[in-house]
Amino acid sequence: MGTTRLEAFSDGVMAIIITIMVLELRVPHEASLDALKPVLPVLISYVLSFVYVGIYWSNHHHMLHVTSHVNGAILWANLHLLFWLSLFPFATAWMGENHFAAMPTAIYGVVLLMAAIAYFILARVIIRREGPDCVLARAFGRDWKGKISPVIYIAAIALAFVSQWLAQALFVTVAVMWLVPDRRIERVITPE
Amino acid sequence: MGTTRLEAFSDGVMAIIITIMVLELRVPHEASLDALKPVLPVLISYVLSFVYVGIYWSNHHHMLHVTSHVNGAILWANLHLLFWLSLFPFATAWMGENHFAAMPTAIYGVVLLMAAIAYFILARVIIRREGPDCVLARAFGRDWKGKISPVIYIAAIALAFVSQWLAQALFVTVAVMWLVPDRRIERVITPE
Amino acid sequence: MGTTRLEAFSDGVMAIIITIMVLELRVPHEASLDALKPVLPVLISYVLSFVYVGIYWSNHHHMLHVTSHVNGAILWANLHLLFWLSLFPFATAWMGENHFAAMPTAIYGVVLLMAAIAYFILARVIIRREGPDCVLARAFGRDWKGKISPVIYIAAIALAFVSQWLAQALFVTVAVMWLVPDRRIERVITPE
Amino acid sequence: MGTTRLEAFSDGVMAIIITIMVLELRVPHEASLDALKPVLPVLISYVLSFVYVGIYWSNHHHMLHVTSHVNGAILWANLHLLFWLSLFPFATAWMGENHFAAMPTAIYGVVLLMAAIAYFILARVIIRREGPDCVLARAFGRDWKGKISPVIYIAAIALAFVSQWLAQALFVTVAVMWLVPDRRIERVITPE
């Protein structure tokens, strides 16, 4: 069984997640620039989450590109990832509407952490199916980004209660780190 | 006429259903952990429905994989299934927001029951089109899961008024039972 | 330029339209069966619109199946149809929440009428592109359904102010009439 | 890496954007024609944005049709465009609900401007990947529409504070100008 429909369904879910977050930008009743002020923190948290969902979509895209077959385990590991991504709109809106307060920032970090773990599980399940010599296995050999990200998320969750801005800085750091597209797979595919 | 566009449309609808359920998680106005408490039952009912929609998507995926052609009857049997699935967000939110009270639990069971019946009808309509020797017909020969699920749903609907937790336990039981992907079709396709 | 992406985009929009209508089913705060009563008319109008969008999707599916190329005119005629379909959720909710009152029923009829006209325009634009001997042209030769539907809609709009139930009966009549899938195209393709 | 999945994801996001705008049409509680009056300006701004998203979808469709490969830069330039398009529902609703007041009109212009810039960047990034002799490069050689549109948007943003109707007229002018589908690419592909 090929990956086409799994990709199509995942694309659909991620496209909806990335778009319905915008529904949390409450339209102000007044027409002044001042009325936009309460929207600003929600917009900023939206930008952060938009980039994160974009990163997941991009890496998911690369990962399934080198996956040849789908079995039940891959299908459910993928749904598990989509579940945590589907909590992004809630966590994003709660964080934004409370101006990046400690607790929503920490919960946002928990959702990021769980999504990272789900992505890691999905990669392992695919590698187990494809064999230890598959492109993905070689690409994930030196997966320092995948290993360091959860550590930073855990640090950010703890630090949120000390300084929420430090936690936010860590979230942005991880996003920037991943914004460089996952060249590991490209590097293994393309002969140098 | 092939199954491609029917799959694409069904994928789209199921991707939206699974994702808009998350809009029922009302973002709390306060930033404390306490403020998350009323969200918890809605989150739990969301997890249950997410798994159910995942099961339907997965089985639908397997079923259409062995379907060669689509006619009007299949098309409408499929829309009928999507209709009942589209009531999941409503039933899920009502059940979650009322802390799994008897009546919403029973109604949730009714929606599950109707979706199961719609899935059964879709399978029969495809088998009638494909012929009694098709892969699907052989796979559904010993369809004990498909036969026992509606019975459990009916039991759960009745039991909801005795103990809603017993009803919930039955919903979880059916979900776990189906979580094992529909190997019936795989078994028939793959020569042993 | 092929029809693949036009179909994909149209499928996406129609899948979203058919699903977000369900968001208008307001989740009641109480857990009793009585609390479901105000939801009932909205549910009934949802069923009607679900069937109508299903009909449009099904016929759209048949129509593009026999279309070989897409030009700018087809692209915009298609977007024009999607625009009127996108007003279904609004018209459906307004009609349902006001228990099928005269004015919302008439406006619902106007949206149905405009969608029918947009579908007619799309068919004509495709036929102009494909040539007068194309499958679609022959299939639409005796298009009595397409010709009678707008007439019934106009009658329903006027009758809504006399008896809204008569108008509803006409809407249901047209839906049932179309529920029989558009065999005209199948008849022309399949040699008898 | 091909463009298929990038197109599918973009189609999904644009289909959702174009459809969720309709959720901003608040269903009136009363059943009279008068109750529809406050919906009218939101409907008008919806029509404008529907046409704009349609234009972006159509041109995006043409652009990716002549793109052979996708790299990380194209992927993120595309997400950048989708980000600005995702702000359309917010800007549209704010403008409509405030009856096209100066500030929301100006902000709407800013979102249009940023989307135009993002589209320009995406085109440049694709041309850099495809080479200076690619179809897109030749098509964009005399890209007067792409060059004049941002200038008109900037003018409209400034003029919104003088006369918001003048600004609206400029928005409509640009939309009409683009409604003529991007024949530049077709002209280069089709030998004359």
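Every chain is named by a letter (A, B, C and D) in the order it is written, and numbering of its residues begins at 1.
Everything below uses one rule, namely that a contact is a pair of C-beta atoms (placed from the backbone, for glycine too) under 8 Å apart; a residue touches a chain by one contact, two chains touch by 3 or more.
Owing to the predicted nature of the structure, the values given are computational and were not obtained by experimental measurement.
Undergrad: How far, in degrees, do you have to turn subunit A to put its CA atoms on top of subunit D, rounded to the nearest 5?
TA: The rotation relating subunit A to subunit D comes to 90 degrees.
Undergrad: At the interface of subunit C with subunit D, does the proportion of residue numbers present on both copies reach over half, so same, or stay under half, so different?
TA: Looking at both copies, the contact residues mostly diverge.
Undergrad: Averaging only over C-alpha atoms, locate the centres of subunit B and subunit C and give their separation in whole Å.
TA: Going by mean C-alpha positions, subunit B sits 26 Å from subunit C.
Undergrad: Averaging only over C-alpha atoms, locate the centres of subunit A and subunit C and give their separation in whole Å.
TA: 37
Undergrad: Two-or-more-chain contact residues of subunit D, please, as numbers and ranges.
TA: Each of 8, 12, 15-16, 20, 23 in subunit D touches at least two other chains.
Undergrad: Show me the residue ranges of subunit B that touch subunit A in the complex, using the header's touch definition.
TA: Going through subunit B, the ones touching subunit A are 7-8, 11-12, 14-16, 18-20, 22-23, 25, 27-33, 36, 39, 47, 50, 54, 57-58, 61, 65, 179-181, 183.
Undergrad: Help me check something: in the complex, which residues belonging to subunit A touch subunit B?
TA: Subunit A reaches subunit B through residues 1, 5, 8-9, 12-13, 15-17, 20, 23-24, 71-72, 75-76, 79, 82-83, 86-87, 89-90, 93-94, 97-98, 101-104, 107.
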